[in-house]
C-alpha cells in the first residue's frame, strides 16, 4: 500500500517548506519538490500543513484510580487522540503494591490486546513498591521490554501510588544505570494531606478546595526535591504536568546549570485558571485534576515557559472521568472524593495552534517541537516517531489552518461526558491523520481498523529508535 | 555594684564611636563622651573595642545524641563561650519521643540548675513527636515559658530526632499562630540513609564518607522544602548551619520575594573544607559534624553570603565530642558511628574578626550584626541583649584588636580534647567579658561565679524583650 | 548652652530603646537611662521618637537651570528641610563650562554666606567641563576642600550639564585615586534628544510627553553604563534618583557581585506615578522632573528596592520651580521648556514613616538608615552626622508618631507655590528639630537664627568624619 | 545537471536520519530512503554526515580598515570558506562617511563582479554617516536591494566607522519600520580611547595591551546600551562577536523578557584566551582582533552560552591581515597600529564539531543550528539556505566524521600567512561541498569555477526567502 501526499506545507521541528511525501507501506520513502509517482492513495495537501503526528507521553487509559476507572479505554482514548492529531501515546502502565513489574506491565499489554488502539502505544511504568512486589533487579531489566521510563508519585499520600523519597531515590539510581528516564508527579503529599483534612474538618468541601489545599508551593517544593535527588543519583529527570511558577523556577535553575531535567506542562494549564474550579455548585468538579487549576498568573507563566524552553513538552494527562457517575461518585460536598483527572487528549494541537502560533507566542516549528519531536526524542521514539523524514514511520497529520471549529463535548470523540474547553473557538484543525501509512482519520471521518495501533518498544535515553526496524 | 568602662571604641550593629559606659548593677545606665563619675570598678578600654556580648543561638550542651553526651555541660560550655566573647546562648532543649514538651523543657532547666552556667541561657525546644508525647495544644503554650522557637530535624532518619513533613508542617502552623520561629536542620534523611548504607556495604567507612554520603544537594533540597512549607504555613523560618551554595540559593530566592526566611552559618563552614575530613587514618573524625565539611567553593560561598545578608547569623553548633573516647566509640572504620558535632563556641568572634574584618570582607558593624544583634533580634532577646544601649543588659566584651593569639586545644576552655581550628593565628582577642555587669572574664582570667548566668525568657517574634524588667 | 531630652524612644540605624540625651553645646555628651542632670533647656520626649537628623544628599538650592533659578535659596530651602526633620544637606555646587572648579565652588560658598542656611550644608561638585575650565589636577584637589563627591549628568544633551563618556570616565579615574565618590544622573541624552524632537515635531507638547520621551530603558541603559565605567575605573559609584525597574536591575546585579555601587531613590518615585503627569491641561507640569513619573509598577519596584537594599538612600532632589511664573515660562504647549525639578525637601521623613513604616514595608531602623545614617556614611559625614551617639553632633528630631497631618502647600515651608503630595494624610510628624544643639524648630515653630547652619567639610570615602573636631 | 548523494547520515537543525538526496540543477528535488534514480553525478556518502552548507554572516572580504585591506578578496575568502563547509557568506558592505548608501553598496557589488566568489554572497550594510552621505530615506529603501540588515560600530572612536548613539538609534527606528535587523559591534569607544592613550603614554605598546585596554566591561556596557536602544526603537537586534560574560549577561536578560535580541560569538572566542596575545615579542599580534582575547573563564562562558541559546550563532569575523606586512605595518611597539581582525572562515565547522559535539557539549542538531540554520533564518536566507529540504538550494557538505586533520597555515586555503588555531588536531572534516548543486570542493580538491557563487537578495525579518525563485 502506498500513499502520496502532495503540495502540503511540511513543518518539522526546524523546517518549513512545500513538498510531496511518498509513503511506501509504513514508512516515508520519498520527499520531493514535485513527485512524479503514482500511489495507491493520493491526498492533496495544497494549502494545508503537513505535521509529524503528535506524541502524547502522558495518558491514563483504562486506569483504576480514585475508586473508579478512567472513562476511555485504549480504543476510545486513541480514537479521540487520533482526531486531535496524536499518533503515538506513551501510556502509564502501573505496578500496584505487591505486584511484580512484569505483572503490572502484563496487565497493560492485556488491555492493549483487548481494546485495540488505533494509534501506536508505548508504556511507562508506574513504580509504587520496591519492598513487597518489585525488586531493584527486575526494575533494572525493564528497558529490555522497551519500557525505558519510570513514573513515581510524590503526591497522593495514603494511596497506592504514593512513594517516599527512599523509593524515589533508589529508582533513580537504577535509571541512572540502565538508561531510563525518571518521571515524577511532584507535589508534597504530607502537606496536602494535612490541608485536605483541615479543610474537610472545617466543612470546606466544595470543588475549589481541591485547588486551595494544593498550594503552588507544594508543587514547587516537590519539583525541586526530585531535581536534587535526580542530580545526586545521576539520572535524567522529567517533571510531568508542571502548572505554576513555583515549579518552573527550580526547573529553570537546574537547566541553567546544565542538569538533565525536562519539564512538561499540559493543555489545561495553558487554558484553565482558578475561576473555573471556583464556580457555584458542583460545576467546578469538572476541573478537579492534579495539580489543580491555578491563578491566572501561573497560566501565563506556563505559556512563557514553553516559549523559552524552560518547559519543553506539552502533553495532556488525559484521564477522563464522567461528570455524571464518576466525578460525583462521592457526593457533591467532599472534593477529596472526586476522582482526579481531566479529559483532553483531542484538543492539544488545536489549542497550541490557536493560542500559541496564531496568538504570536511562538512559531510552527516550536509547536512541532512541543507536540511531537521533543517528547519523541526524550522517550526513545525518535527518529521513528516525531518527525517527517525519510525512513520514519508515516505518522502524519494534514492540518487545515483556516478551518474554524468550536471545541465541545458535542463534537469530541472521547467517551467523556464533558469537555474541559467547552465552547472554545479555534481556527485550524487536523483533517486527516495517518499512522504508519494507515489512514486513521480521513477528512474528519474515522476510518481506522481497531488495532491499527501497535505497541512500541522504546529505545534507551540517548539512543535512537532505529527507523528501519519494522514495529 | 557599678562599673565604668572608659575610652573604648564602641561598636554596635550600626555605630562606631569612642565613649565611656557606666554600668549600674546589671544595666547600662549611662554612655558619655567622657563620664565624670566614680564607680566600684573601673576598666580602661582605651585602644580597645567595646562590643555587645555575643549571642550564640546554636549550642548543644550536655546533650545525649549519637549514643553519648556532648562533652561540655552548661558550666563548661558557657565558660568556653565567655572566653570567646559570648554572653548569651540559646541552647537546644529536647523533647525526646514519648515525652511531653513540659518534661523535655524541665529536663533542661534541671541541667541548668545543676551545672550553673556563667553566661545567660535561653532554650529552643527540639520537637520530635506530636503523636505520643507532645500535643499541638501544649506546643502552642511554650511561648508562655519564654520558649519562642521550635527546632526540627529533617535529617537523621532512624533516630529519635528525625521528623517527617507532617510533623514539621503542623509545628509550623502552630508557630504561625503563636509568634514562634521554626528552626530546621535541613538535610534529606531518606537519601542520606540510602547513601550511608551503600557506602558501608561497599566497605567505605573512613571519616570522609561522612561528607560523601551527605552531598550538598541533600541540604539544598531540604532547605527549599522547609522554606516552601513555612511559606504555606505562614511562619517565620530559620535555617540552621547552612554550609553550601545549594542551600544558600533557595534562601536567597525566598528573601528576594520578601518571605520571612533567615539563614545561619557556623564558624566551621567558614574555615573547614573537605580536605580536613579527608585525612589519612582517623584524624578526619574530628571534622565529623553535620552538615559535613564541603569543597572549598562552598566555604567561599558562605563568606559571600554573610557579606550580602543572604545568611544573617553566624553561630557555632557547639556540640563537642572528645576525639578519644567519644569520636572513636564505634571504632575507626565506620563513620556512621562517629558522634556528629563540632567543638567551637569559643572561636566565633576571633574568626569573624580575623577572616571577616581584617581580611576586608566586611566591617565591624557587620561583625556585630552577625555575632550578636541579629540573633538577639530574631530570637526575642533584643534590646535586652544584642546591643550597647542604655537600659540594655551590661553584656559587654572588651576586645583587644592588636593582640596576637594562636587558637589551640592548649589554650581553649572547652573540655573537648581537640580544637577544630588548631594552630590558626589571629590578631584580636576578647580580653574582658561582662554579663549583666558581672565580670566573667577579666583580662583573660576566669573570675565568674558558677551560676552567674541565668535563664532568659524570650519574647515572641516581632516583640521586644523589655530591657527594664529584671531577669 | 546645654539641653536635656528626656524619656524619648531613641531610634538609630540598629537600635530602639528609651533613654535620656544630654547635649553639651553642639555635641551629644551623655545618654542615660534616666539622667539626673540639669540643663539650660529641657525637652520632654516621652511618647515620642528621637531620631538622628535627616541627611539629604540631593538638593539644588538657588541653582540656575533650564533658564531659571530654583525657587528656594539656601535659607528658604533649609528652613523647609528643617521642618521635615532634615538637619544636613549636601547641595550641588556646579562648575559651569569654562569655569575652574575653584570658581564654581566659590560661587556656592558665596550663596551660603549670603543666604544663611539654618541647617548644615556640604557640597558635591557638578563636573561639566574638563577641557576649558576644569583640569584633572584641580579636580583631584577638591577633597582638600571637604568636597569628596563629583556629580555628572549623562542626560540633558545640548545643555551645559551634559557630559560625554570620556569626561565621565576620566572623572571616575580621579575619584578612584583621591577617595571621592562619583554620582551620576543616568539617562541616555542622545536618545531622549531624538525622542523629544520627534514628539515636538508631531505636535505632542503636553506635559505627559516629558515622561513618554524618557522611557525607562534610557535610565536603565545609562545606569548600567555608569556602573561598568566605574568598575573599570575602580571608583565608588552612587546613582542618583533611581526611578524604575530598568535601573534597579543593573544596580542589583553589580551589588551582588560585590561592586561598590549604591543607588538612591527620591520621595517622589515612591509616591507619584504617570497618572499625575497625565492630567488634562497644564496641571501635569507640576510633575515635570527627571527622571519622570513612571508607571505604577515602577513605584512599587522602588519601595521593594529600598526594603531589600538594592537601593540604599532616599533623598529628595529638591529643585522647586513655581507653577506660576516658572513651570509655565515657556508656555503650556511645549513640555521641553518646562524647567525640570520637584519641590519636596520637607516631606521625606513623613512619607517614609507613613508609607514605609506604618504600611509595614520596613521598620524604624530601616527608616533611619535610608533617611540619615547611610547617606551620612556614604558621603563622609559619619559619625559626626547620621546617628545618635555620644560625641556626634546633636542633630536630632523629636518625632510625634501619633500626630495627624495633611501635607499641603498651605502648611509647607518651601517658597514653592505648590506641593507635590498635596492632600496626602499622614500620621507622624517631626515636632522639634535641633542642629548641633541649636533649637531650629520648636514644637512646630521656627526659632532658628539665619546662619545657624554651617558648611561641613566632608571626609573621603572610607574615612570617618572625626566627631571631636569642631565644625 | 543532476546529482545523487546516497546513503549519508543527513543532519538538520532537528533531524538525524539516513537517506539519499537527489539534486536537480540547483535545488534539492528529492529525498528518499533509497532512491532508484540515475544522475549525472553520484556521490556515495555512506558513513558520512550530510550537512546543510554553512552560513557565515560575519566576514570582511577585501575591506579597507586600519590603514590596509583585508588579505582575502571575495574569491580567496570564499575558497577558504568553501573548504570549511561554508556555502554562503553575508559580507559587510560599507558606506564610508560622505558616501550615499547606494554608492557604498555599489562598491561591494563591483568587488563581487571583479573577484568572482565561489560560494553565495549577501551583503549587510555598515552605516557610518546619516548627516553628509546617507539619508534616512535612502536607508529605508535598502531592503528593496536585498539588503535587510544594518551594521553599526559603537567602538573605534576616531575612525570612520564609529557612530554615536543618535546615529545608532535613528537607524534602529528605520529598521523597526522596514523589516531590517540592526547589528552592533558593541564596545564603548570613549573608554577604550582613553585607556589606549594612557597605555601608550605609559609606554605599554605590546600586543597584550590590545586586550588590556578593552576590558570586558566596555563590551558588556555597549551590548546593554544597544539592547535598550533597540527595545525603545522596537527593532530586532543582533550583537556580533560576543566574547565575554559581561556581554552575555544583558543578552540573556533581554531574551528572558522576550525581547528580540540575538547574540553571536565567533570561533576564536571559543578557542583563544588571553595567554595567546600575552606572548613574548610580537607573536601576540596574530591575536589582535576585536573584541580581544579574554581570560579563560570567558571562553568557557561562550561555550555554555551557545549550548543554552543565550548566544545563537557562531560566525568567524573573518578579516585576515598577514602577520608579515600588515600586522606589523605600524612597527612592533604600538599595539594600536596593528590592524584588527582574525583569519578563520575555514575552521568554524571543524572546531564546532571537535570541541562542541565530540567534547559532549551539544549534539549535531545544535551544531547545524549554530553553523547554518539559525543565521539563515535570522538574515532572510531561509529556507533557500540553512537546511536540507526539498526545494532548498543544494548547498551541502559531505563531512567525514572520522578523518583526522591538523589545522595549519600549511593546509588552509586563505591567503593569510598564519592560522589562528595552528596545530589544533581535530577528527572530522568537510570533504565535499556543493553550492546550488555545483561541486565546489570535491574530496578535498577545489573544482569550482570562479564566479560559481552569486549575490543573494535577502528577505526581510520574519519573511521567508522563497526557495522556488531562482537566484
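We just call them A, B, C and D in the order they show up, numbering each chain from 1.
One rule holds for everything that comes next: contacts are C-beta pairs under 8 Å (C-beta built on N, C-alpha and C of every residue); 3 or more make two chains touch, one makes a residue touch a chain.
The structure displayed is predicted, hence computed values, not measured ones.
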A correct list of chains touching both subunit A and subunit B reads none
Comparing C-D with A-D, the busier interface by C-beta pairs is A-D
Relative to subunit C, largest Cα-centroid distance belongs to chain A
Subunit B and subunit D have mean C-alpha positions lying a whole-number Å distance apart equal to 58
Distance in whole angstrom between the CA centres of subunit A and subunit D is 41
When centres are defined as mean Cα positions, the distance from subunit C to subunit D in whole Å is 50
Expected list for subunit C, residues touching two or more other chains, is none
Every chain pair meeting the touch definition is listed as A-B, A-D, B-C, C-D
Touching subunit A in the complex, subunit B uses residues 164-166, 169-170, 173, 188, 190-191, 193-195, 215, 217-218, 220-221, 224-225, 228-229, 231-232, 246, 249-250, 253
Interface with subunit D, subunit A side, in the complex: residues 10, 12-20, 22, 24, 27-33, 35, 255-256, 258, 304, 307-309, 365, 369, 373, 383, 387, 389-392, 464, 467
